[in-house]
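Down below are the structures I want you to see.
Note that chain A is present in both complexes that follow, paired respectively with chain B and with chain C.
Entry: the complex of A and B
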């Protein structure tokens, strides 16, 4: 694969696309039309939420709830991009610690509230707190679980909501800044010697392809697979964000984000794009049909469960297209991701 | 010492070994890998039998010395076993089996008494505080369970992963670890679990109740560990299924080797076991949380990855098992890449060695996880970053070797291969 990069560069010079001379068209497309807009929106929505929290920190405030929801939407749309700046200083984990299979968030949050832990007092200090009490899922307990409504004092709960929202905004801003300052360039200019992370365009393409397959794994195995459990042991309480009724919504948002990425990765192959569009359309239809069950409560009912399984199968079908068509068309292997392991 | 392994497959490997001047063949590399797997599982079995004997001695004649001897045997048994974890991912037969012996983390209240701070049943696990040692009869998933006799069959049948919950760990190293050390209630302070030996004492000397049932549980778990290790060792023998599967397709076999190295390095050790615990500042996230042996677990996991690449393993009796290695294949394909990965594996061992050194000098792994402990964070993240970095080079090896389009899969995909190969 190595000769491709200089060849593409020469082509580019020939066509006078000087602004991105040396860069790779596929990488440019994904960075400019997918990654940067996704993180820009996350930075904007979390900043807006942090500002609202400064004005109005009552957990029952509709204004706060709406701003939190918009910021959460923006995170879900970015949740497949688990490489580079999102992994520096554990930012993505601090934004969203899920799944919480050992119930760390409720335990840690309870002691934080009861102890009135002073860790919320400054942003610097809060940035060292356990990821179990930072990010969107902590806020979900505070905003949507009546068990936490009276724990500790109102003033402390307010301080905690402000601390979490500020921390979210700071992390989202740091991710975006890193992308704008360095990381977009690192992706767009792979180099055998000078670039410590990416040697060739193929390595960059593998990273972008892995974002797609990682997102599909999160969808199939976690957002859908966790509540599905097994037929004998369905797990409705493991549905993501069921307290706020957002489980299905997250699946739909992530499907849209992955559709966008898959389309950009296959530009120039209309037949493959059409196949992918058909597969995503089918998943969207099945998701839409579940609008009467936004938290996947139907996993326990054999009559309802099959609809959620059908949606999971749609995601598996898209994974198959990715593994058998998109990967080979890019000349890349699936590689490793953070979900490997248990 | 009895070494059936060396009279079998290893001799075969030695006789087909080629002089250094010739590049290793994939078949030879796979044979070395299978030989190392067999040696590691056999060493795990040998050391588990020593542990079993020490546990029988503790139950027969309880004393502080007998409990300490059992703990020492457990620690020794972990040395070869942790080096074998690199065989998990990539070899479906190992991955399907390993939950019986090394499942983690566990809700230990399933097994025995716990401190009040542990809490009770959770959203995720209704049986989190079942306490089998104290209860000869109970209900699980609506079924009445008779636990008046604590047997290996009870542990692996009714209890292990009861109600489909993975943290209901009733068998294996970590169940035994809990029964020997008890809960570590020191938080991120120095100190491991401190179970009194009198938890196994007879008559009035018995502390915390049900000492006979506790002893029976410990014995059943040790017996099961030995029989499970006997099974997996046989799978890697000259006619074993794991060896046969591996050797049946050379490219798939090499891919399995690389899958094991990459998945253990990145998703499992760097992610699930190291970074997560650090980010949660939670000592319960330590891999060997009762015994405070986590520094060794990580170290020997890393060493296992290096063993596979270099084709070298030092057995518990000091013998070296070696042969044509993955490193030889990579050197022939791309000498620079071989140097790169060899160097990164060595760097990882240096970084994991720092964690081990500091822990053995008194700065234990749970102290490293304390919120705001900058030195601890630097030590743990040093290991994490080195493991992530070597994974990048492992991905490069996958591309550099001509594996005929055999795809790397996350271990996740092993459970659902049809999703990938439809």
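Entry: the complex of A and C
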């Protein structure tokens, strides 16, 4: 059994580790070249989408669809960054409530449409609506599911699309503002006394590493694992965003985002970077080969299913590299309790 | 066997001298199992503010412990499927005895003494049959004096009732066999329950959740002074399902599930590690090392009040002002029970704290 990287943090205790705070190149790189650009793009694309929705709110509008798609892409690229400002006031859940195992989004959407719920009338009101109807997946039903095309009135559907787009934009802007005003500094300047969130660089690295492993888990267990189900019971209708044909696209976008984060976390270790690049390349190739099945419908066909399983295995392989190489290189490990609880 | 006789003789002789009590100086406020810098396993005594007072080596990974109600000693249990339980003098960390379950059994990691300190109960797996067993020990000399059914498969945490004389056992429902390590053998058919037993071992009441939650393994429990049992679960079903992880049950009434519908439930990753009530009994908290979060919920409304982030947090104990938590990165932290309250780290030791933080008398 190897001794125990997290204790690097403990060894700092009482010593002068805090003196190095703010000078951590790795954290600076990830914040400046990954996190802030990712959330900036999300804020910009959701704002652009909200503006488009003000001009053209017809669910069949190609302009609206395109702006929604660009904003959704920007969210998927951010969806592994689940800490700090995204978790305040359930913002991330309000932006994207998925998976929706109890079908809360369609149920809540249906009742809004049928009741013509006035909650859509102001942004303040709409921010109090169920998080299940406030995000990208609600819009997917409105834009892509024929069952909702005639529910309620056209005017109400328009108001709802505008309300959701405005709420998305407001949430994305709030996340970005919090990062810029406060949270980037909290990550970049850990302190034993003055920083309530992060006491040491190791704790910060642990958070950034967790974002990588969280993203890989979302990919393997959710975006790929939910439609795969089991061989006996595949679940094609659990594929994310299959109504709009975006399931594979989301996997590809998230792979690209995680590749970027992994590269920044391993700067200075060319051998490890090369190994990661090879593993991500392989996943990208397998994903590209699935372009004839963008919604993973093949999970039900043994002849097709193995291709999706191969992609999932690629993600598991990247997870293994993360756990055995990246974590130790950062002085963090998968948790003693988290890994093997009881 | 010979050495145990000597030990027993020593215990008997010792009983003639003035008895040591928990009031004797130097006794710790908490116990926790852990792993040290060298990768060796220990049980450690901690002060009320998280300072390590002693470490006692364990032969393998530990789990929880149980304190004797009057004598300053505690029993540290092996993590499943381990077969040791070390009796420790909590003033010094010295080992007083080592217990083993009968052939064909292993411990699940938890146990409890009777209020009068005469007997101790341990949760065990009779693994050839898969039956859940409560082992009964004479707490004067730690002789095995009997065993009863736990009322289910996979009994994990066991506690005393506080509304009546008796025991409450979380039967996790999961069958395992040491030959297949920690592999789960019966997930499609598992049926966890809470079982209430008399101190004589008779099953008096059992609580099962609705069928759609049968894959939610009831694993850890805390008991409020009024007898309400808080239970923490571990979901074995589909990843991505929205399921409650904490419930409250008062014997004779219907269970109540906590924080249902709150999206932050997902941040627990389907896994409750430890559960405790707040010092004023108005709140209940659960840790999730997988999610790196502590959720504090209001007992009356069932609402999730505050979510704290703390990497690899698992151990959790009641304190007068709220909670104390411990982590696999060696931190012991005070957890506020109010909205906006912070996690206040108290100590960081070069130890990975294991699942549970055990308050002593």
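Criterion: the second predicted complex is superposed on the first by the 312 of 342 C-alpha atoms of A that agree within 3 Å, B and C clash if a C-alpha of one lies under 4 Å from a C-alpha of the other, contacts with A are read in each partner's own complex, and residues count from 1 in each chain.
Going forward, a contact is a pair of C-beta atoms (placed from the backbone, for glycine too) under 8 Å apart; a residue touches a chain by one contact, two chains touch by 3 or more.
Bear in mind that the values here come from a model prediction, so they are computed numbers and not experimental data.
In the superposition on chain A, A:237 contacts chain B only, with no contact to chain C. By the touch criterion stated above, A:129 is placed in contact with chain B alone, chain C being left untouched. By the touch criterion defined above, A:112 lies against neither chain B nor chain C after alignment on the C-alpha atoms of chain A. Contacts of A:319 after superposition: chain B is touched, whereas chain C is not reached. By the touch criterion defined above, A:83 lies against chain C but remains apart from chain B after alignment on the C-alpha atoms of chain A. In the superposition on chain A, contact is made by A:101 with both chain B and chain C. Of the two partner chains placed by the overlay, only chain C lies in contact with A:226; chain B stays clear of it. Touched residues of chain A were counted for both chain B and chain C, and B has more of them.
Overlap of the chain B and chain C interfaces on chain A: residues 1, 90, 93, 97, 101-102, 131, 197, 199, 203, 206, 221, 238, 335-338, 341-342. Residues 1, 90, 93-94, 97, 101-104, 106-108, 119, 128-132, 197, 199, 202-203, 206, 217, 221, 229-230, 232-233, 237-238, 316, 319-320, 323-324, 327-328, 332-342 of chain A are the ones that touch chain B when the two sit in their complex. Within the complex formed with chain A, the residues of chain B that make contact are 89, 105, 119, 122-124, 163-164, 166-167, 262-268, 271-272, 275-276, 279-282, 284, 371-372, 391-392, 394-396, 398-399, 405, 407-412, 416, 419-420, 422.
Of all residues in chain C, only 35, 37-39, 63, 79-80, 109, 234, 238-242, 263-264, 267, 271, 273, 289-290, 292, 307, 309, 311-314, 327-330, 342-343, 345, 348-350, 352-355 touch chain A in the complex they form. Residue ranges of chain A in contact with chain C, taken from their complex: 1-4, 6-7, 9-11, 13, 83, 87, 90, 93, 97, 99, 101-102, 131, 196-197, 199, 203, 206-207, 210, 221-222, 225-226, 238, 335-338, 341-342.
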